[in-house]
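The structure that follows is given in the form of structure tokens.
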Amino acid sequence: MSRIDGRTPEQLRPVTIERGWSKHAEGSVLVSFGDTKVLCTASLTEGVPRWRKGSGEGWVTAEYAMLPRSTNTRGDRESVKGRIGGRTHEISRLIGRSLRAVVDTKSLGENTVVLDCDVLQADGGTRTAAITGAYVALADAVAWAQRRKLIKATRQPLTGTVSAVSVGIVAGVPLLDLCYEEDVRAETDMNVVCTGDGRFVEVQGTAEATPFDRGELNALLDLATAGCEQLTAIQRAALEATA
Amino acid sequence: MSRIDGRTPEQLRPVTIERGWSKHAEGSVLVSFGDTKVLCTASLTEGVPRWRKGSGEGWVTAEYAMLPRSTNTRGDRESVKGRIGGRTHEISRLIGRSLRAVVDTKSLGENTVVLDCDVLQADGGTRTAAITGAYVALADAVAWAQRRKLIKATRQPLTGTVSAVSVGIVAGVPLLDLCYEEDVRAETDMNVVCTGDGRFVEVQGTAEATPFDRGELNALLDLATAGCEQLTAIQRAALEATA
Amino acid sequence: MSRIDGRTPEQLRPVTIERGWSKHAEGSVLVSFGDTKVLCTASLTEGVPRWRKGSGEGWVTAEYAMLPRSTNTRGDRESVKGRIGGRTHEISRLIGRSLRAVVDTKSLGENTVVLDCDVLQADGGTRTAAITGAYVALADAVAWAQRRKLIKATRQPLTGTVSAVSVGIVAGVPLLDLCYEEDVRAETDMNVVCTGDGRFVEVQGTAEATPFDRGELNALLDLATAGCEQLTAIQRAALEATA
Amino acid sequence: MSRIDGRTPEQLRPVTIERGWSKHAEGSVLVSFGDTKVLCTASLTEGVPRWRKGSGEGWVTAEYAMLPRSTNTRGDRESVKGRIGGRTHEISRLIGRSLRAVVDTKSLGENTVVLDCDVLQADGGTRTAAITGAYVALADAVAWAQRRKLIKATRQPLTGTVSAVSVGIVAGVPLLDLCYEEDVRAETDMNVVCTGDGRFVEVQGTAEATPFDRGELNALLDLATAGCEQLTAIQRAALEATA
Amino acid sequence: MSRIDGRTPEQLRPVTIERGWSKHAEGSVLVSFGDTKVLCTASLTEGVPRWRKGSGEGWVTAEYAMLPRSTNTRGDRESVKGRIGGRTHEISRLIGRSLRAVVDTKSLGENTVVLDCDVLQADGGTRTAAITGAYVALADAVAWAQRRKLIKATRQPLTGTVSAVSVGIVAGVPLLDLCYEEDVRAETDMNVVCTGDGRFVEVQGTAEATPFDRGELNALLDLATAGCEQLTAIQRAALEATA
Amino acid sequence: MSRIDGRTPEQLRPVTIERGWSKHAEGSVLVSFGDTKVLCTASLTEGVPRWRKGSGEGWVTAEYAMLPRSTNTRGDRESVKGRIGGRTHEISRLIGRSLRAVVDTKSLGENTVVLDCDVLQADGGTRTAAITGAYVALADAVAWAQRRKLIKATRQPLTGTVSAVSVGIVAGVPLLDLCYEEDVRAETDMNVVCTGDGRFVEVQGTAEATPFDRGELNALLDLATAGCEQLTAIQRAALEATA
């Protein structure tokens, strides 16, 4: 039995990573997971937040947002509402933590990288697309800073790669990389962030309708691990493209 | 090798659940996980938020907060800062989702329960203590409403029980129910929410320092499952106390 | 004719002061005036706000808040509303002023004490309970700092003691220490803050329904002065308990 | 020994009440207590806030604010800061309560009056000038509404008159109606709101430097009572001017 | 003497209008004026704001924003700052007014169109690009609603077309369609919004450094009028493309 | 055919400029354009905002606001709403830019002038009255600082004078200095800011109902230029009054 868009359960949507999207940012990527499109820019500046000054260590952080009409019905702007919602906060923090897991802040030196992940079009999996694209933008920004000798350490500031994918159980079947329609109907929903060598950075599983047992959890983890392996290859190919 | 406070790796801290703590709330519990103390009140009112009116279904939500000096150094009040931080948002949402996993909103009828979880003293595991205590406060509020015939359904609004515990890897050893000092030094940190029958509602694992592999993940899930089983028993005993 | 809870007009509710309630704060007190329970913590830190730097003088301030379900019907959190209400502001300022009246900021040195007064359960007189409890928490924090030589002055930073009580006219009768039900029905309501030697720090009388004349004002002041005298004795006993 | 501006201790500053200051408001007064100038407008509209609908009763409320350069050094605008300070809140509430003390909300009918008291120039006593002026603006707005038959009750909505004055102890001497320089140096500061028949609506005494005793309190109350008597006469004269 | 990018003074940058950019919005356009790229989406919904209900008339409004790294140095998000800046407000209002100038709100019926103009990359002239693109998105949304019979009027809701361009005096020379580097060095800067038939909707000229005289003003208006004529042709071509 | 208030199309309302209105501010003016009354205070302080420190240059900025009942129906306070509206922002920025056009910030030295323009009564043209009055308050503040040697430059910090007036087309007729009733009915509305020597600082024309053509634009500019010439003379007379 095939999925809404004809995929098999263990199949990713078409994933594209377009580097150098913006003329201003030190790293910038337009990442697509099917119809989900996220613009990820990496802004690298000298200096660190006050609480980190003099430590010799850098800082990496992220901000996630959705354009008001990236979704099917228009959402109010958080700038107009005057406050950031819980979901936005949660995802921004997740992206930042995920990237920091592969950053050696000592080798980064006292530089700050802000990853802005703005969803231009949403169709499920925006946070996992954001992490996957932001890693590539980060890699570009770090390389840029190394070329300009802003980063002087001989050790690589990036200790590995990181990608992310969603998995879920829909009508009893574990599926990889849910699109919006699947996500809405999922009984269980999980976001998994992996390093390029197959270890976990984040595992966030939520029973939307029915609690899940250990067997289901294992099936989802298997799917996610395999999905991240493919995303890692796509990231590598994108980064080698202009090498 | 024993832990900071002399526990074995698979041992919970002393857990107490004190019901009827407040004279005003429909359900109220002071829950302690060691030195972590959280006041959980359940406020049940007739009616539901506007978007749910006329559905015949109820609503359960939660708000988490820490008193400014519940921690070792005083934190600024979010009311004074004028905005709720990302961590507060994230935990409030987690508590709400966890409880809704065992609520049959149809049987609840058009009633709303707000769970306020205020941390009076923090020593690690505040969110898991909050979920564990809030379940008991919720059960008391539901029973109160049933006695007053505010809830008329013959089917139980609560379809099960829910509890939560933290686990983590400290110096390479998987540990159950981390206190603050352990939490700070953990390489990996996981919060697990289980139903009384041993299934998962939420699994949130984060690599704080080093990514974790499937074996470590399994060890943590084993510890958490066993911990929640004990917490379920403590909840049951508390609820039977005055029965 | 006796009162709702059986007291005589000039009788306080049972008052208890429990010191050392929190393991983190430099001073902490759970104070009860009958069913009104306020957790008062004193956080003493080195340094003063910018506008006071280099003056050699310390600073004492206070923040008051109510837990959402400390009252009979749940109130919205001010952190969620994004702004502090007028009543909260007013009471925080009153508590701060009342305590500063007995603090010699020069002897305190460039240290800051923040008194957090969080109402866990409300039944009238929360601000007067807060002042009475906060004084004891402040005394404990000052003693703590003196033991650690953070305060070096040989003169005592506390020049006296301070306590507070509410009085009011209900059905024409002047009453001491109103509980919530009395407070709601009071024609005139007054909060009086006194030093231990019987002088006034604050007198705030408000005609809720009917303006009051000089005779009524005098009767209320007599009641309040006597009430504060008793509270002073209770504070002294609490502070001597572990001496 | 005379005061800074040559007054005797029991002497008011020159007080003027200029009615009909604004062409738009239903009642408007520019009140001066010496160099303190407050523009008080009364806006009367049909209808009441939601929580009062259907009660048949009206509502009176007040908002106080200072122009940024009404004071000696410019203050930041609260609209720019995005929040109202504690002092502003406190005074707005005081003005509202003071006026409601002489309003029969039943006779007012379901109408709302908002008193805006904007300090154009400040030299001490802004809140007492505001109350004294706002009463006259309120009286004009009520008369306006009666002429237009918006208020239909035969009983007068205003049950009396209200005025206010500050008193304080400066260098040991009780003084009436403090100007800014006196206010800054006052050991004790009190604001008293009286009805035209000499009873008290509000008594707010604060020890700024030294606690005060019963004798001092009595001396201040004597001064304030006499001061309000004169203000009542000035209000009456102003209201009769165009009668 | 040619310009930074080789253009003549009266030459536009390459302008492209890409329709149907988003799969969700009723109308959506990616408009480029050289390196300035703005995503304009038109969200059409049934119903109007409360103050317009029952009028039979529709409403058109706009919101403008810049992505944080659309510019050369990253700007803070207004959602994070919690308030919208003056420039953002000003431009949003300008876009809304400009479009309403060609909308017959009666023929639109009780429908609302929100134009979101999000700057993906900025290189001067973002507001004029936004207006020019938003008009096309609006036209598509109106056509969409007409096909679905949401708009029933036989008269066209769009009474004309609207486009906008910037002009300015740089080093004494009047220039059309300034890029960022020119804009920064302009002595006078003007934004002109024209209808397709060559009349003015908005003329906003500002002396950045030196006041300008009537002759300079006339030269700028001539340039702008000719520029808008070209933009009108580009808009028409874009709208006819799939017709 | 004469106007609502009997003026000819090219006639200003009676304009008065009352200097020295406030005892605190370095410059202060109550300006009236007919029934529009704006209090303009200039606060001059040593020092500049952080981003300008060490530049040797000063800064001039403005804040505009309306009292809640300056208008026909009461508006909510922006301080109470917690945010400044777009219109307020826009006008504050316009006033600041207009004044900076005649300020030589180098000669001003590292001093800051804040112009507060508070509308006490509104009847159209509040922004143009504010600019016209603020210029005089600024001139007084600069003179004050020169007398006190706070400004040491020998060159005049003010390089010219600035005034502003509104013009508009009502019922097809171009009119100078619109009052509120005219403004509401205007088809086109323009605010023009001129220097004393007749050049333009700002030209902001808006088609409220019907786009306007070049001929109409020219007619409005003619009217505005003549109006500003008269306002310049009134400013000069006011400044010479006490010379």
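Which chain is which? They are A, B, C, D, E and F, in the order written, and residues in each are numbered from 1.
Here is the rule we use: a contact is a pair of C-beta atoms (placed from the backbone, for glycine too) under 8 Å apart; a residue touches a chain by one contact, two chains touch by 3 or more.
Chain identities (UniProt): A, B, C, D, E, F = Ribonuclease PH.
The structure presented is a predicted model; accordingly, all values stated were derived computationally and were not measured.
Engineer: Hey, what chains does chain B (Ribonuclease PH) share as contacts with chain E (Ribonuclease PH)?
Structural biologist: The shared contacts of chain B (Ribonuclease PH) and chain E (Ribonuclease PH), listed by label, come to A.
Engineer: To reach chain D (Ribonuclease PH) from chain A (Ribonuclease PH) by way of touching chains, what is the minimum number of steps?
Structural biologist: The fewest steps needed to get from chain A (Ribonuclease PH) to chain D (Ribonuclease PH) is 3.
Engineer: Determine, using the mean of C-alpha atoms as each chain's centre, which chain is farthest from chain E (Ribonuclease PH).
Structural biologist: C
Engineer: Equivalent interface to B-C, which of D-F, C-D or E-F, with over half of contact pairs matching by residue number?
Structural biologist: D-F
Engineer: Using mean CA coordinates as chain centres, what's the chain C (Ribonuclease PH)-chain E (Ribonuclease PH) distance in Å?
Structural biologist: It comes to 59 Å between the two C-alpha centres.
Engineer: Between chain A (Ribonuclease PH) and chain E (Ribonuclease PH), what is the gap in Å from one C-alpha centre to the other?
Structural biologist: Distance between chain centres, rounded to whole Å: 33 Å.
Engineer: How many angstrom lie between the centres of chain C (Ribonuclease PH) and chain F (Ribonuclease PH), each centre taken as the mean Cα position?
Structural biologist: That gives a centre separation of 51 Å.
Engineer: Which positions in chain A (Ribonuclease PH) touch two or more other chains at once?
Structural biologist: 82-84 - these are the residues of chain A (Ribonuclease PH) that touch more than one other chain.
Engineer: Round the ring starting with chain A (Ribonuclease PH), chain B (Ribonuclease PH) following: which chains, in what order?
Structural biologist: Counting round from chain A (Ribonuclease PH), the next being chain B (Ribonuclease PH), yields A, B, C, D, F, E.
Engineer: For chain B (Ribonuclease PH), which residues count as touching chain A (Ribonuclease PH) in their complex?
Structural biologist: Listed in rising order, the residues are 83-87, 89-90, 92-93, 97, 101, 160, 190, 194-195, 197-207, 211-214, 217, 221, 225.
Engineer: Which chain E (Ribonuclease PH) residues qualify as touching chain A (Ribonuclease PH) in the complex?
Structural biologist: 22-25, 28, 35, 39, 41, 43, 45, 63, 65, 67-74, 77-84, 88, 114, 116, 118, 120-123
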